[in-house]
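Next up, some structures in structure tokens.
Each of the next two complexes has chain A plus one more chain, namely chain B in the first and chain C in the second.
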Partner chain A sequence: MNLLRSENARTVLALGLLSGAFILFTGAVGMIAAFHEREIVNDVISLGQLLLLLAPSAAGFIAADRLVKGGAAPREIISGGLVVGLLTALPTVILLLFNSEEYRFLLDLTLKLVPFVVATYYAWKLHGAGSDQRLIIGSWLALVVLIGIVTFSFALIFEIKGDLRGVLPNISRDWVDVVTFDQRKELMTGISTLLLVSLGAGAAGSILFMLPPIPRKALLYGLGITLLVGAFGETVRLILQENVDRDTLKQIFRRDTLRQDPALMLFVVSTAAGFLWAMFGQQARLGFSNLEPSRRRAVNGLGMLIFAALLLMLPWLIGRTLSDVAVTIGIFVLMGLGLNIAIGLAGLLDLGYVTNYAVGAYILAVLTSIGPLGRLDGVFTFWMVIPVALLAAMCAGFIFAVPVLRMRGDYLAIATLGFGEIIGKLAISDWLKPLIGGAQGVQAIPKPIFLGTELKNPEQLYYIVLFASLVTLFVSIRLNNSRTGRQWMAIREDEDVATAMGIDTARAKLLAFTLSAATGGVAGAIFAAKVGTVFPNSFTVFISINVLSLIIVGGIASNPGIVIGAVVLIGLPELLREFSDFRFLMYGALLVIMMIKRPQGFIPSQLVSHEIRAGVKAKIATAD
Partner chain B sequence: MFKWRTDEFSWVDFTIDVLRVVIVLGVVIGAWNTLSSGRISFAQWVNLFAAGLSQGSIYALIALGYTLVYGILLMINFAHGEVFMAGAFSTVFLAEALNRTGFLNAQPLLAILLMIAFAGLVSMSVAILLERIAYRPLRGSPRLVPLITAIGASFFLQYTFRGLYGSGFKAYPGVNALQGVIKIGGISIPVVQVFVFCAALFLMLCLYWLVERTRIGKAMRAVSENKEVARLMGIDIDWVIMFTFGIGGFLAGSAGVINGLFRPQGVNFYMGFIPGIKAFTAAVLGGIGNIPGAMLGGLFLGLIEAIGPNLVLAGLGIPGANQLKDVIAFTMLVLVLIFRPQGILGERLSETKA
Partner chain C sequence: MALLQVNEIHTYYGNIHALKGVSFEVDSGEIIALIGSNGAGKTTTLRTISGLMAPREGSILYDGEDISASRAYTLVAKGISMVPEGRGVFAKLTVEENLDMGAYTRRDGGIKADLASAYELFPRLEERKKQVAGTLSGGEQQMLAIARALMARPRLLLLDEPSMGLAPVLVDGVFDTVQRIANEGVTILLVEQNAHMALQIADRGYVLQSGEVAISDTAANLRVNETVQRTYLGID
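Up next, the complex of A and B:
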């Protein structure tokens, strides 16, 4: 018992249980089985197996970090890693046993015992705390009954269904195959393999931490780059396809997976590069900051120039499929930058941003469509309608902003969410069907024509998105440093004080909503032109949540953060199809984790992170 | 509304006044058209009324969870709709199992009680976990932070349950005792609607008793009044908050079962989102933080949703008026937030709260 009381032991236990819960959870929701479909290195490891390895080794790594700080000896650290590995596998092993035919009685037994064990544990705790007899007996009885109801019901359900899979479809054969490393038939061998692998990974994590910093960094870089390239094998292949001949490609990839030798080579090369970077990176950075200011500017400028050239050449470098993804990302960058004006700059949590997107898309659709719903028959072109869509979205933003001008915080969020839902329902209703087509939507939207060529490929549409994003970026940077921008920031920090300082808050808020709506409209119009059809089902609250997530994860009020956020949150599920089923699961988890651990986002704007730090201090001082 | 009015002309006030007039005119004209045309008979009105009341009592049960939490923490637990879904979705399996063994139709009352208890406890655990993991670390942070967390938690829960139980719709089995109608003088009301209303009423009375007559209820009221003073009086605040989330969760879970028995279209992982927003509307309508208000608001919203499309929208000549039920509910939400943010029964919240 004394061992459990020590800080170090508790750290190890907590980390082990956390990673165990992670593995159990990802298994139960079907992530592990789905990710197993994607091989990282041919016949060596799949993404699902990587999850199984990554959790214990990361937990072992973190445990080692904590243990070193807690003053543990190397032997203890490695045993800490082993314990973490064991605990990681344990919940999954238990579930495997419950799921098997032979050991199902364990499940029944557990369900019968759990109420008594838990109730007795709490009664014992109450007894230890010196509560009186009646309270202890009463709470014991209450807990037995309450937990008993749940476990009895579960027992009944599993009894009738026959197995776990009847209720939890993802506790399937595929899952068993992955976690037992393809030894479904020999359950005990499979379980031992899982335990051994997990123990090994936990220990490896802790050993990795104990290496001297330079080799550790080098190894981490090498592993990271190899695994990333492997996981995104399909993407990498598509990029290489544009630039490398087929035979070389065949030697590197087997279908979409990295072959073993190239993977090994990549690992060696990237580890070596990581080694060099770890050795000399510091010096290089120091050397750069010691340069004369003019030289430094020149180097920076050169970097910018290369970056700009890359951006311009992107579609030709990455090919059609990836250009399509790039266009989608660009549309979300546009929306992110727009919504950021409301959320990031003015602090108005707008959950109905999809409204503007829908308005833009439908305006373009109705005005340019050559189908039955486009009554204007080709009079308007894409280029003429874009400003119309922009203005229409601004009008929509304005109209929806007026009623909510006096709401704050939560109420504003819910009201805008309500607007989003209203627009969605109206778009799908019979009432507006003659105008916008109800559930069938609007079809036959022509592609934009530029100087006589039809921009029908994503490679060409990319430039429209790029141009629009750059303009928006420019505007939003200028706004950020303008008088209006400062008014917004004042409102974000404290509306009452802002009013007291003579800011016309109603005007400033209206401006924020209207401007933020504008890019939403453009994004919607581009989306409609890209897809060629507009369905009401494309305009759900999920769009708003997507945009909100990318702003929060990237860094609120931070323009580079939003771009990175869009690339990661929108690009990742598009590139890794296995992810797309779990996209909102991960967004949700990310939002919660970010808010708890890093509310300023991954690439915070300096001002906001400063404010959050100051705000936390102020909050502590004035906590109610 | 009048508090803000200064001597200067404010065009925001003006726009809102115009909006008010337009809405009142629309409602009056629509209602006049419908009533004078006599398209809907008295018996049909009574049926709509009954359906609205039973749907409303489900909203009321969910709304209580919003109100309880808001009363104590001044935060909107946006993920409460998902708590409702958790109970309803999990219990579908129990209902099937009970149906398969024949217990459901042999002892409908006991079976339904078991289902309500099960769903309530599942939802309760979800709500408590939510509070413990997502909200507790954020107590005292700026207001938008817990709200964004709640949105994240909401999506996380939705897709967790989708992953656990699959994405398809699953329907509750029919209970024979709840089929059929009650006939009173030419008007027939389905038994299930009566059952829903009575069950919800019973649960609400239990809650009222709990809050007004027990020690823990007193502690809850004390914490919602003033946390610091309550702490000084020896109340374990963390425990009270957890208990509040638990009670709200229990009510939501039982609402899930009642809803499942009431509506045949079945449950899936997304079922909590819309009722969640509507229940929030109900809570605001009644005055958020106010328990009788949430009950009243729920019933009121249910009635508006059932009667509004037929009375007003159909009267204005809008086709497919019943498709726009949700539009009515959400418009109601926005209107309440604009015109009477303190709700029917609520006291005016101070600026910083609202």
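Up next, the complex of A and C:
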């Protein structure tokens, strides 16, 4: 008992149980089995098995960090890693036993014992507190009966269904296959393998932490890059496909999976590169900051030039499928930059941004469609309608802003949320059906034509999105440093004081909503041209929420942050399509983790990092 | 003629009758103190003058013009600046950005010079001009709020409880500053709970009591007025 009371032991226990719960949960929702479908290295490890390894080793790594701070010796740290590994596997092992034919009786036994154990525990506690004997016996009996009823009903359900699948449908054969490393037939061997792997991973995590910093960094780089390339093998293959001949490709990949030798080579090379970076990266950075300002600018300029060239050549480098993803990302970057004017700069929480997107899309659809709903017979081209879509979205932004000008904070959010819903309902309504097609939407939207060529591939549409994003980026950087931007920031900080500075807050807010809507309209129009059809169910509240999330995850009021946010929140789910619903689980988990661990976003704007540092300072000040 | 003339204003919060016919005058170059206990209507009076609230009855004449229906933001350009209660600095903007915001309505070339004179008045702010305002101490934030209000080149400065929440040592400094600003020719309307300090620098004072002016006199007379001494100065 003394051991359990020590801080270190509790840390290890908590981390082990946490990673155990993670494995159990991901298994029970079916994530492990689904992830097993994607192999990382051919015949070596799958993404599902990676989860089984990653949880204990990450927990072991973190445990080692805490133990070192708690002053533990190396031997204790490794045993901490082992315990974490054991605890990680334990819940899964118990579930495996309960689920098997031979050891089902354990479940029955547990269910029968639980009421007695729990009741006795509490009776013991009451006894320790010096309660009356009759009270102790009475509460013991009551607890046994109460808990007994619950466990009995559970037992009954299992009895009827025959196995755990009645309650946990994803505890399937596939799951058993993954967690026993394909040894379903010999359960005990499978369980031992799982335990060994988990113990090893936990210990490996803690040993990794104890390595000197340079090899540790190098190994982490190597592992990270190899696993990423493996996990996104399909994507990497698509990129290589554009530039490498088929035979070489076949030697690297077996279908979409990395072969063993190339994987090993990649690991060695990336570890070596990581090693060099860890050794000399610091010096390189130091050398860079010691350069004369003119030279430094030259190096920066060169970097920018390379980046620009990459952006321009991107479609040729990544091929069609990924270009399509890039266009989607670009559409969301456009919307992110737009919404950021309202949220990031002016502090107006607009949850109805989809309105502008829908207006832009429908304007383009109706004005250019050559189908039955496009009565204009294709007189207008994409290029002529883009400004119209922009203006229409601005009008929509303006109209919806007028009634909510006096609202603040949460009330504004709710009202704008309502507007978004209204647009969705209008789009699907019978009332507007003759105009915009109701649930059938508008079809046959022609692709843009540029200098006689039809831009029908994502590789070509990419340039439209790129151009629009760059223009928006330029405008929003200019706005950020302008008088107009300042007035928005003042309103965001304190509306009353802003008024006292002589700012016409109503006018400034109208301007923010209107400008913010503009890029939404353009994004919608590009979307409509890309897809070729426009349906009402493309315009749900999830668009608004996606745009909001990418701003927050990337870094509120930070332009580069918004681009990164769009890549992560829009791009990654596109690449994980085969995992269907689990994408949203991961998406949600990412949001929660981000808000806890890095509330300022990936690339925080100066302003927000100021604020967070100020918060830390304030905390330190109050702690004194 | 008075620079500011408040005639019988009635202001309501919803159904609550907060100001029940308040009248007073502020002459050019004066320091006027509005004193009174919590809830007497001091801040409401300031908010009404500055246009953040509209009086239901009565008029407010500024330089002969009725401003009782004017929107708050239009008054800054007319020369009325306010230092809001609780300082109200833009916590996430730097000191210099805060000062720039003060000159928001101005488009003349004198902003740089005024920034220099603000730093002259408050050297402390110059030391911290790149620092985020939220990290300043209470006293520094008060300086910043006052300096920011001055950046609009006001003729009339409304100060709402400048001593609130400050350490006693700093309170003296703030009132010193107010005196110096007045010496530069800025008319000052000061709302204070710290009647003792306010009446030391003011020329005249008005005592507000539950939404009405109870006593009005010169500051020197108010200091020796028995009721004021008992109620607001803590002298028996």
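In this section, the second predicted complex is superposed on the first by the 543 of 624 C-alpha atoms of A that agree within 3 Å, B and C clash if a C-alpha of one lies under 4 Å from a C-alpha of the other, contacts with A are read in each partner's own complex, and residues count from 1 in each chain.
Heads up, the rule we're going with is that a contact is a pair of C-beta atoms (placed from the backbone, for glycine too) under 8 Å apart; a residue touches a chain by one contact, two chains touch by 3 or more.
Quick caveat: nothing in here was measured; it's all calculated off a predicted structure.
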item	value
Partner chain(s) touched by A:G588 [first = chain B, second = chain C, both, neither]	first
Partner chain(s) touched by A:Q487 [first = chain B, second = chain C, both, neither]	second
First (chain B), second (chain C), both or neither touched by A:A28	first
First, second, both or neither for A:L405, with chain B first and chain C second	first
Contacts of A:D496 with chain B and chain C, given as first, second, both or neither	both
Which of chain B and chain C A:T505 touches, first, second, both or neither	second
Most chain A residues touched (candidates chain B, chain C)	B
Partner chain(s) touched by A:I552 [first = chain B, second = chain C, both, neither]	first
Doubly contacted residues of chain A, that is, touched by chain B and again by chain C	496
List of chain B residues in touch with chain A within their complex	4, 10, 12, 15-16, 19, 75-76, 93-94, 96-98, 100-101, 114, 117-118, 121-122, 133-134, 137-138, 140-149, 151-160, 162-166, 227-228, 273-274, 277, 280-281, 284, 318-320, 323-324, 326-327, 330-331, 333-334, 337-338, 341, 351, 354
Contact footprint of chain B on chain A as seen in their complex	25, 28-31, 146, 149-150, 153, 156-157, 159-161, 167-170, 347, 349, 351, 402-411, 413-415, 417-419, 421-422, 425-426, 428-431, 496, 506, 541, 545, 548-549, 552, 582, 584-585, 587-592, 594-596, 599, 615-616, 619-620, 623-624
Partner chain A, residues of chain C touching it in the complex	50-52, 71-77, 81-82, 84, 88, 90-93, 97, 100-102, 104-105, 132, 134-135, 148, 152
Parts of chain A lying in touch with chain C, wherever the complex brings them together	483, 486-487, 489-490, 493-494, 496-505, 607-608, 610-611, 614, 617
